[in-house]
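Look at the two complexes coming up: subunit A is in both, with subunit B in one and subunit C in the other.
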Partner chain A sequence: MRVFAFWSLVTAILVYMTLPTIVVLMTSVNPTEILAFPPEGISFQWYQKAVTYPDFQTAFWNGIVVTSFASTLALIVGSTFAWLVNRYEFAGRGVLEAVLWSPLIIPHFTLGFGFLLLGGAFRLQQGYVMVVLAHMVLVMPFVTRAVYVSLANVDGDLSRAAANLGASPFHVLTRIELPLVLPGMAGGWLIAAVISFTEFTASLYVTGSRTQTLPVAMYNYIREYADPTVSAISAMLIIATTLLMFIADRAFGLRRVLAIDTH
Partner chain B sequence: MNPSNPADPAVEIVRVRKDYGSAVGVADVSLTVGRGEFVTLLGPSGCGKSTLLGMIAGFVDPTAGKIIVDGADVTQVEPYRRDIGMVFQSYALFPHMNVYDNVAFGLRMRKLSKAEIDAEVRRVIEMMKLGGMEERRVRQLSGGQQQRVALARAIVIRPKVLLLDEPLSALDKNLRAQMQVELSDLHRKTGLTTIFVTHDQGEALSLSDRIVVMNRGEVQQVAPPIELYRTPANGFVASFIGEINALPAGRYEISGGEAALVLPGIGRLTAPARPEWRFGHGTEVRAFLRPEHVQPAGTQAGDAQAGEGANRISGVVAAHVYQGSHTITRVTVEGIGLVETRVTGAEIMAEAPVGAPITLTIDLGQAVLLGEG
Partner chain C sequence: MTRRRPFFVTFLAPAVVTAVILAAAILEVLQYSVREFIPGSLDVGGFTLENFVRINRPIYWLVLLDTFYISLLTAVFSLLLSYPVAYALVRAKRDWVRSLLISLSITPLFTGEIVRTLSWMLTLGADGFVNSILRKLSIIDMPIQLMYTRFGVVVALVQFSMPVMIILLATAISHVDRDCEKAAANLGASPTAVFWRITLPLTMPGILSGVVVIFAWTMSAFSTPQLIGGGKVLMISNLAYLQGFSVLNMPFAATLSLIALVAALGSLALMKSATGRLEKRLAIH
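Moving on to the complex of A and B:
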């Protein structure tokens, strides 16, 4: 009886968590032009429409550009910071840390709005630069965390052993420390890229029609039309992200990189 | 060679001190290690032995003092310019490199030619019995193999000194015994000046030319193993090296060639005076006795060593620890506490079961006597 209750609960949680996704996936193959559930048959016409729709094509490439720059810049800044925190005690370290974590606490709505106001002041309205800067801030905590954890996992004895064998500080960094944190950096970059690519709330404020990213384009589409094209795009995004994460976990041990503890 | 001041020093530690805030890590230690010597820093954890080793390697900056290697003051020299090999307690093998690359690392940092590196690496890999494992990842190696890679990596650079930081502590007991023998062989073959850190007195006694016993940041005694065991300089060394019974303080009496130790409430122990016992008549001394120099009375060994009827104390058997070739028997003696005897064979367990009264003879002539203060 107890076993039955346990598995019922587990099933309920699983269904509750995955149901919205499953509904979206199912409507994406609906043959008619309505977002009906359950679907009335199987058709891939909406997938074809999704990949050929010009707004989505532009938004996809916008997203790729923004994501590449934002994640890479965040990786450079975040890694440097993680390295500094790992290596040195300095005044204001706590404040710096708090500022870097703040995007986890401050609503994306607020950040997006803030960047919009700033953009006006600096004449950067809804251009690529502003979108990239906003996304960079949003993904910074994730990159920093990933690099910080993998740095903490590098045994200090390894650096000392290398120095003992004649490696200068530069060689200790390039031959020992960097190769050992590289998986963490790659994993952090990937998480940042996925978050940036699918971010909506802040993007809604900082993008314009020329620079809109895919989620914003999807939102604009669904305000006008109610056909399953958006479901099809969602399905492709989910599948692509899942594949990417799966490969990344195999290649870099993503779970270890993102773990809260350092082991 | 004068053991306390070698003629050809490889390492000279001159009044080295390390303070951690108000706490003292190492307190004004001076030590000279001769070329080719195997010296062990021995002491309980926190005694400063690892800090001292860290200062020789250059990972810890001394608060004061000088470290001289091969005649050159290296106190301010960066670790990577010191040419000192080190084996870490954790081995610290580079996990992203295979065995060959780990061993070759130091030579590559020295910018040797590919051919030279290859020849040296192969030679040392052969010497450490690691042939055929060159391509293995270090994670795939057993503890003993990792240990050998760590050693190979440290000696391939032909260091001026080899530092070993508790390298055997991570191994199981059998492997540890085997690695002790290998370390000894390696030292003989390479002739490398070696400084070994351990808290295991057994390792220290079996491996070292000289042992430096440390406690609370200070050197307690520097001596070859046999001397350390037989004539410890103080109570700490006496109790740290091997098993020993510490008797309570007593009064030393000397008349003619006969010395006596009067233990109030326990009795009077006598022995022919030994030349190193330079205590005045009536001064307070403490006696330390190895378990083999305390024997049950009535046995051949006991009566032979103490003389019939003399040097006896009585107590009650508290426990037997059977060890195969011998038995350790712990006896509760009023006024002393637990006294340990080491008796050949197993018969004592039947003759004097736990709880039975027992008389022990004490061979004061073998005791270490230390004056108070």
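Moving on to the complex of A and C:
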């Protein structure tokens, strides 16, 4: 009886957690602008409208460009930094770590505002450079963590054995360590890419009408129109991220990267 | 130089450059917060502390208090709803149940705030899901006002915060030594007593860090109060955005953004000292 009550409670909570997702999926295939429950049929017209709407097309490609650069830069800087932290003690390490982790704590609107003002100081406001830099800083903690966790699991004896057998430091790095942390790097990059592509608040500050990313374009659309076109975009994003995360979990052990342990 | 350090400088340089850029961005906010506002101009005047004095007005205090209150409500309700899910996730016996619970509770984290906010707008709106269902069942005649209320904002914020809360709680619950529970049960404690007197106290550090992390996180929420609050519910983020982009008072917007940052850092620092003390006490007993 108690077990039944417990699982009913858990089910009810999960319904609350997933209800909005189900509503948005239902709305996206609704034939009319006014919602009806149960739905009165299925239509894909909003999907067609969504993919042909010029603002969304531009914003989608902006997002792809920004996300690719930001996640890849974050991957390079984050992995080298994780390697450094894993290998060496040095003065100022704690400060550097604190600064690079801080985007997890700094409100995104404060960070976005900072990058807006910084862009203004260098006459780069609302340009791609500032958008990419802001996104890169935001996603770096996730990449760094993923690579750091993989590095911590690498057996240091392998590197030492290779070095003793005459491998140069460069060889040890590229032939031994890199292949071993590659899954962690790929998983970290993927998380970074998803977070960057869907990031809204900081993007609202740092992008302009020319550089706006998809979430910003969606926000601007919601404020003017009330039809389910944005629901169709949302549904596509939900399906895409769910699939990506499923693949990432299978391929790179996402749970380990996120450090969820269950027995 | 005691030893050669291969790649030290090469790998340090990009991290340092990134840290400097980030610090520069935050310093710009700090710099603007102590500048004079020139109405009708985006240029700022000389140095002044006037922006910090200006905060001391009832309308701004109310926004700060409301931010605090909404964050507290969100953190508490997020904890109450996440604990059962986290417990089920860790203790479920079947693999597929665990996988299902993980997917259902974690995936929403990755769809982004705009998608999730929009989903709640469609759920809570006057023609939204909840109101249509209630009308269909003839429970109500007129739609209930859920949008543009504090209640609606909290309902959405709690759901947003749950994936992170569940991760933190699940980690804490998975670290509970099952032998302690078994010992208590063998000594005659009922399952309810085992939970309240053994499991729950042992997960206290996780609970505390979950509540504070979500509290700090919610204090910086922007899109939910912006869209679901619709100007009727103002949190500090919305006030900062309003000041920056409608009033075009960049210095005051910077001051508000800075206060939000300090509040987030402050609550996390508080948590660190509190969990430290708690862990010490748990270790003694």
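Note that the second predicted complex is superposed on the first by the 250 of 263 C-alpha atoms of A that agree within 3 Å, B and C clash if a C-alpha of one lies under 4 Å from a C-alpha of the other, contacts with A are read in each partner's own complex, and residues count from 1 in each chain.
One rule holds in what follows: a residue touches a chain if its C-beta (ideal position, glycine included) is under 8 Å from a C-beta of that chain, and two chains touch if they have at least 3 such contacts.
Keep in mind that this is a model prediction, so the values were computed, not measured.
Novice: State whether subunit B and subunit C clash or fit side by side on subunit A once the two structures are superposed.
Specialist: fit
Novice: Who contacts more of subunit A, subunit B or subunit C?
Specialist: Greater contact footprint in residues on subunit A: C.
Novice: Given the touch rule stated above, what does A:P179 touch, subunit B (first), subunit C (second), both, or neither?
Specialist: A:P179: touches subunit B, not subunit C.
Novice: Let me test your reading of the model: by the given contact rule, A:D155 touches which partner, first (subunit B), second (subunit C), both or neither?
Specialist: first
Novice: When the two structures are overlaid on chain A, which partner does A:V129 contact: first (subunit B), second (subunit C), both, or neither?
Specialist: neither
Novice: Could you say whether A:L243 touches subunit B, subunit C, both of them, or neither, answering first, second, both or neither?
Specialist: neither
Novice: Does the superposition put A:A251 against subunit B (first), subunit C (second), both, or neither?
Specialist: neither
Novice: Once the shared chain is lined up, is A:N164 touching subunit B (first), subunit C (second), both, or neither of them?
Specialist: First partner only, subunit B.
Novice: Once superposed, minimum distance in angstrom between C-alpha atoms of subunit B and those of subunit C?
Specialist: Superposed model gives a least subunit B-subunit C C-alpha distance of 11 Å.
Novice: Across the two complexes, find the residues of subunit A that touch subunit B and also touch subunit C.
Specialist: In subunit A, positions 169 sit in both the subunit B and subunit C interfaces.
Novice: Spell out the part of subunit B that touches subunit A in their complex, as residue ranges.
Specialist: Going through subunit B, the ones touching subunit A are 57-59, 78-86, 88, 90, 92-96, 105-106, 109-110, 153-154, 157.
Novice: Can you list the residues on subunit A that touch subunit C in the complex?
Specialist: 2, 6-7, 9-10, 13-14, 16-21, 23-24, 27, 34-37, 76-77, 80-81, 83-84, 88, 90, 96, 99-100, 102-103, 105-111, 113-115, 117-118, 121, 133-134, 136-137, 140, 169-170, 173, 194-195, 197-201, 204, 215, 218-219, 222, 230-231, 234, 237-238, 241-242, 244-246, 255, 258-263
Novice: Please give the residue numbers of subunit A that touch subunit B in the complex, ascending.
Specialist: These residues of subunit A touch subunit B: 155, 157-158, 160-169, 171, 175-176, 179-180.
Novice: Residues of subunit C touching subunit A in their complex?
Specialist: Result: residues 5-8, 10-12, 14-16, 18-19, 21-29, 31-32, 81, 84-85, 88-90, 98, 101-108, 110-116, 118-123, 127-129, 132-133, 136, 156, 159, 162, 167, 170-171, 174, 191, 216, 219-220, 222-223, 227, 237, 240-241, 244, 250, 253-254, 257-258, 260-261, 264-265, 268 of subunit C touch subunit A.
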